[in-house]
Each structure stands twice: as structure tokens, then as C-alpha cells.
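Dropping the structure in here first, questions after.
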Amino acid sequence: MSSVSNPPSIVRRTPRWLPLLGRSANPGDAVFRSVSRLFALLILVLVLAMAAQMAFAAEESFKEFGWGFITSQKWDPVGQRYGALPFIFGTVVSSLLALLLAVPVALGIAIYLSELAPLWLRKPIGFLVELLAAVPSVVYGLWGVFVLAPLMATTVEPALRSTLGFLPLFSGPNQGFGMLSGGVILAIMILPTISSVSREVLQAVPANLREGAIALGATRWEVVRVGVLPYARPGLVGAVILGLGRALGETMAITMLIGNRPEISASLFAPSYTMASVLANEFAEASQDLHLAALAEISLLLFAVTLLLNIVARLLVWQVSRGEAKGAR
Amino acid sequence: MSTRAAPLLEASDSSYKLRKAKDRLIRGLCVAFTLLALVPLFSVLYYLTARGIGGVNLAFFTELPRPVGETGGGMANSIVGSAQLVGLACLFGIPPGLLAGIYLAESGKGGLAKVIRFTADVLAGVPSITVGVFVYSLLVLTLGRFSMLAGAVALAVLMVPTVTRTTEELMRLVPEQLREAGLGLGLPRWRVTLKITLRTALPGIATGIMLAVARVAGETAPLLFTAFSNRFWNDGIDQPVSSLPVQIYTYAVSPFEDWHQQAWAAAFVLVVFILILNITARLLVRHRVKGR
Amino acid sequence: MNLEPAEPVVTAPTPKVKAPSAPGGAEEPSAPEVKLSAEDLRARFGTTQVLKGISMPIEARTVTAVIGPSGCGKSTFVRCLNRMHEVAPGAVVEGRVLLDGQDIYGAQVDPVLVRRHIGMVFQKPNPFPTLSIQDNVLAGLRLNGTRVPNPAEVVERRLRQVALWDEVKDGLDRSGTSLSGGQQQRLCIARSLALEPEVLLMDEPCSALDPIATARVEELIHELRADYTIVIVTHNMQQAARVADTTAFFYMGELVEYDQTDVIFTRPKQRKTEDYITGRFG
């Protein structure tokens, strides 16, 4: 066989270390893949390091108080007694209150923007709702202190007391800074999270489900209820849980509005305290080791709870979007 | 699908009217909720402008804060401090986020990629204050003082997951044919990734990064015990530094009228900056879509 | 499908009727030069076998058409010839492909280098949207890090070669995606040619083009035959008859028949081939 031209050079002399980086005949590829993988792994390392670091820092407190830490009501830096229950209570109640207020509104917005609004209106309104998420927490806090709290104290709380005052929830002195104001500000802040994720979930519902209902002569709301919502339900639950995660970890605005008193009260008007708030207020000034350890344990708790919630929420949201990928085929 | 669609079929006149009414009621409710959600937004923007704009003058941008009791003064050190913190955070946060995103988009189909993608999503939901606690133990305790470095690292940790997921999602949108074209020209994969895929996705990624920057620029909680604050100019990367968000917080919870005024002015400036970033980012996307 | 599997009839390479213009220094009517040769080539996606052992020599400076019904493995086959198949996840290739006698699946071979010698044009025109027309032509060289001493000259030469120069010479800075589909495809061919490959693989290059654009690309293939070895996949039998010296008919991942184009289309030896070209299936 006579070859006229020189045989092309397609063989590369590979460096010895190349097999260490996985099977690839191109050294540039092998190096690049390894470097990018390294940085991807960094994310994993970061989360594990956070958990480990906080667990390590909290060790002393855990040894001293054990499980009693989360059931004790006493938070006394002077007497070196630490119990996290008031903070857990404040965090959970303010977040649930926020959900109660925000979920119906957020779902209404999501349904409006993905199903009902005229097309030309969807983008600008969606943008405005997302701007709500762009305003920094501390600015909401500022607005809360000077606008929302006075409004609550002079108008909303008296009105609630005069109508629903027979409930312990709405009794006690109105002061503007307390659980209710904290819940309202949190609701405003998680609203865009819930509505934008819900909107994505609704838009991921395959069109043929809607068309099925339309073809049966359904009204627009019935299309949503019969054709869209059943399919989107897990994703919507996921959106709500993401919102809850946001609310639990939210710090500045609620610190500025909730009153910061580690007490458990039946009244929503009374001041309370959250886990994130006590970290914000005391962490920089804590000088004793046990105080720092107790705060670290609170931080670890908060981290663990939000982590768990996020995992559940992501799984639910993925379930819907995976279904979309399948339906498209 | 549920079989509850059946009752729709019986269309007696009165039931149809009822359905219509219900439809209208719920649609009205949706509109009302949407309007309700915009009330706080406009209220915040109104008060920021009404109370803040009066405090924005030359001194605000050029002078240091004055002690309590003396009127006047500005927040020059906080403005510069915020810029330094955010700039450093970009430096620390964007390259790893980009590379991790590239990994997930280009070679991420296995189990490891799934785990990392999930972790990134989860990290994005971690409360920013716990990131502050983490960086405090990592850097403040080891270096023995609050520092600009610690603050920037905390902000960078918050940026990484956003940058990673944005990069991944936008690089996935680049059509496979373009990668094939590059490979068919005998380019190694890494060059195809950097010079073709990344380059094509870049405008979108830039938008995502701008939004991430806008978000961390307003972050307060993770700075409280990392960057801390400083009444004067910052003296170096290993020294505490003042920032706009922390300063707004300090002033807002203080009992002094002058400081409240300063807090509003600072919040006004901060929000204007963040809104500009947001709007530019979105225009960038629209421009790109139109350009096609 | 009640046809018993027949041994593939592989007659090519036979001496061609039209002798190629021999490059300078070549000797007398020597044996036809085999440029590219598949030997028992098998390819699969995961567990789905797409190619079931293809052996097929391809002569230098000829046009070989690969035809067959959808899903017969013809696209996979050409993608195996420059190691593009393995780019897809789960894709596996076994067997050998010899380029001038050298196995491109050899242990030390870098697929990146293979693809510089064996260019490829794809079904859908895929110019780089972020690059201008001239940068698209130079993309292969530039992105590979080759220094191009006289870019303007290279651009003009390659665009002339694909008969695009006169249409675009006044707007070389425009985006490659601003061109029409046919122009884009010729731009993509120019982009491949700039790397000076020896073999050009074309995977249904005209399937996204209108008849006029198709005619121009076919004309171009005719001209390129003098210097390049071309393998073209097509679902259009008339096209194969128009442009190819030899034609291979694939069915269900196997090479059924491979011969001079006129033989395939006028007196095929296999029943299956005849059924296909007369339009009884496919």
C-alpha cells in the first residue's frame, strides 16, 4: 500500500501523570475536568465544614446542658444558664404566622401571573413582585421600625383587640414591636420566594392537562383547580417549605421588630425573640466560652432545621419538574 | 388525572351561573392579592424616597460619620467599605462558582454531580447568619480580630451557590450542535467549553452574577460579626470595616434622630444601587433576546 | 423482514471510471489508495447496538454516500469515523477505523487530533453565534491556538472555495447567524476546510436547506472531490446518485451493500437494496 502523503499525526505523547486524572487522551481536558471538579467538590466541603465547625463550637454547651438545652426556658448569660426554648418558640411561631399570611397571597399571585393575567401584564408585575425580594432585609427592618410598627400599635392591634380580644392571642398591651409585627414583616419578605417558585411550578405543568379541562368546558378557575393544581401540588408544597426555610433563617428585619425578649407569651402583641435574632444580638459580644458555645448550638440547630426543610422542599419541587421532562417526551 | 372533572359535564343553568360567579370571585381574589403584595413595595419605596433623599448630599458621600450630638457628617467610609467587601466577595466567590457550574453543566451526569447540585441548592437556603457564625469561627477566631477579609469570605460563601446554579442552567441552554461544531473542528473539550459554550452563555451568566451581587450588597447578618464595623476608614484587609447595611442597622436601632435620618439616606442609596443592578441585569437579558 | 441475513456485498474499492487527478509525484495507475477504512466497527448506546460490525474501505479523493432508512445507523457510522460518537453519554465504539493505515481508536491516539484531520459538517448549520463571519472561518485555527499570519487571505480563500465570498465579502464582520441557512452551511464547510483536513464527513448536510441551497452545496461537493475524501450521509437517494462515486446501503446497523453508485442504483445485488431504492420501504 503506497501512501502518497505523510501519515497524519494523530498520536499524542501523553504525560505519565495523565492516567491519575481519569481516562482522557487529551491532557488539557483531563486537567480542566479535574480543576472544575475540585471546585464543585468545594461546595460539598463547605456545607460539611459548616456543620462540623458549628458542632465543634457547640460541644461545650451540649455537654453542659444536654437535651435540656432545647426544653429549658431560661436564658441567663450572667448566671451562665442557657436554654433555647424561647428562641425556638419565637422562631417557629413567627415563621408559621408569616406562612399563614403569605401563602394565600403568594399562591394567588402565582395563579394570577401564570394562568389568568393578560400576557402583556405578566412580565411587569412579575418583575415588581421580584423587586420585593431585592429589597435588603435591613431596609425592611428600617421601614418596619418607623412605618409598620407605629401602624400596628395605633391601628391594627387596637382593631384586633376590639374584635377578637376575647382570644388570648389578641390581648395585652399593644406596643408595635412583637410577634405580630415580626410575622407581618416576615410574610412580606417570603412572599416573593413562594410566589416565584410556585409560578415556576405552575408553568411546568404540561399544557395538555389544561387543554383537557378546557375541552370539558371548564371555567378558568376550574381549569386551574382540575387541570393544574393536582399536578402541581407537590411543587407548591415545596415552594411553601422553601418560604418557611427563608422565614426561619431571616435575621435583620425580624430582629428589629420582634422586641427581643426571651419570653414565651400567648399574646401575639407581646415581644418575643428568634434564634437568628439572638445570634445577631449576642454573638459579637459573647465573651464567655459557654455563652459562645450556647449560641453556636443555636446556630447549629437553625442550620440543621433549614437544611432539612430545604432538602424536603427541593425534592418536592424536583418531583414536579422531572415530571415535566417526562411529559415532554 | 382525577375523575372530579365529571360534575363539569352537567350544565344546568343555575349551576353554571354559580360556577361563573365562583370563577369571577376567585379571579378577583387573585388580582386583589397581587395588588396587596405591591402595597409594601410601594410603601417602602415611598418612605425611602420621602425620608431618605433629603439626607443625600455631598457630605454624605465624602465625609466620615460624626459622633452623636454633632450634626452633619457622612457615610463615605461605609460606602467605600461596602464596595470593597462586595468586590472582594466577587473575587473569592465568582471563579469557584463558575468552575463548579461548568463542571455540573459539562461533565455532571453522574451521582457526584447530582449530590453537588443538590448541595448547592441547599447551601443557597442556609440562613446567612449561620454563614456568619461559620466564618467567625473560621477566620475571626483564628486571626484574632474582625476583618474585611472575613466579611468578604462570608459574602462569597453566599454568592457561590447562586453563581454555580446560574452558570449551570445557562450553559445547559447552549445547543448541543455548537459543542459538536467545536469538537468537529478538532478542539479539545475544555476549549470548546470555555471558548464556545461559556462564551455563548456569558450574557445570561453575567445577569445572574449581577443579581447575586445585588443580593449580597444588601446582606447585613453575616457581616455583623465578621467585617463588624468601623467609625473610620478601613486600614487594611485584616482590619474591621464599615458597610452600608450594618450602618443602617446600627443607626436605625439607635435612639438619635440624626442617626435615623442618616439610616434613611443610606437605605435610599443602597436600594437605588440594588435596583439599578436589578434593572440593568434584566435589560441585559431582554437586549440579548432581541439581538437574536 | 423474512429475508435471511445475507453476507454484505462489498465490492468497493474498485478502480474508478473517472480517474482522480493524481497529486504531483504519484506513480502510474497504482492500486487505489484507501484513505479511511472501517474494520468490524461496532457502536452502541448503552445496551442498544447501533452498528453491528461494519467493514468498509473508503478510497481517497472520492465521494462516498451512505444511505438507508431512519435509524439504520448511517449517522452513527460517520460519527464513528472521527470519534464524535463517543461524545454522547453512554456511547461505546468497538473495532477499528484506519486513517492511512493508522487506527484512530489506538491507545495513544488523541481524538482531538483525529478530528483535525477528519472534518465534519453537521445536519443543522451551526456557525458560532458569538463570532463574525470571518471569525467563524478562522475559528478552528484560532480556537486551537494556531497563529494565523495572514487571516484575511485565509478567509478569502476558504470563502471562495465554498463560493460564498461574493455574497458576504462586504459584511465579513456580521454575525455568522445573520446568513441564510444555505449560506450558513457553506460557512460551516469553509470553517472545516480552513483546518485543511484530508477527509470531510457530512451528516445530511442539506436536510435543513431548500432546493436551491442544496444544489449549491452539491456543486461544492463536486469541486471538493479533487482534493478531499468525502463521506456524505443522506436520506435523499437522488442526492446520493448525483454526488457520489460509491454508495453504501445500511440497514438495521449492518452494511448491506457497497458498490459503485451506478451499480447500486441500477443493478443492486441485494434484494433489500433494491426494495429500498425503489421505494418499497424506508
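Read from first to last, the chains carry the letters A, B and C; within each, the first residue is number 1.
The criterion applied here is as follows: a residue touches a chain if its C-beta (ideal position, glycine included) is under 8 Å from a C-beta of that chain, and two chains touch if they have at least 3 such contacts.
Owing to the predicted nature of the structure, the values given are computational and were not obtained by experimental measurement.
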| item | value |
| --- | --- |
| Chain whose Cα centroid lies at the greatest distance from that of subunit B | C |
| Most centrally placed chain - per-chain CA mean versus overall CA mean | B |
| Between subunit C and subunit B, distance of the C-alpha-averaged centres to the nearest whole Å | 49 |
| Centre distance in Å when subunit A and subunit C are each reduced to the mean of their C-alpha atoms | 53 |
| Euclidean distance of C-alpha centroids - subunit A vs subunit B, Å | 14 |
| Touching two or more other chains - residues of subunit A | 26, 29 |
| Multi-partner residues of subunit C (at least 2 other chains) | 112-114, 117 |
| Contacts with 2+ other chains: residues of subunit B | 188-189, 191 |
| In the complex, subunit B residues that touch subunit A | 1-2, 4-5, 8-9, 11, 19-20, 22-23, 26-27, 29-34, 36-38, 40-41, 43-44, 47-48, 51, 95-96, 99-100, 102-104, 106-108, 112-113, 115-116, 118-123, 125-134, 136-138, 146, 157, 160-161, 164, 188-191, 193-194, 214-215, 217-221, 224-225, 228, 245, 248-249, 252-253, 260, 263-264, 267, 270-271, 274-275, 278, 282 |
| Of all residues in subunit B, those that touch subunit C in their complex | 109, 175, 177-189, 191-192, 195-196, 199-200, 292 |
| Interfacial residue positions of subunit C with respect to subunit B in the complex | 82, 84, 87, 89, 112-117, 119-122, 124, 126-130, 139-140, 143-144, 177, 188, 191-192, 195 |
| Residues of subunit A defined as touching subunit C within the complex | 1-5, 7-14, 25-26, 29 |
| Residue ranges of subunit C in contact with subunit A within the complex | 23, 25-27, 30-31, 33-34, 99-102, 104, 106, 108-114, 117, 198 |
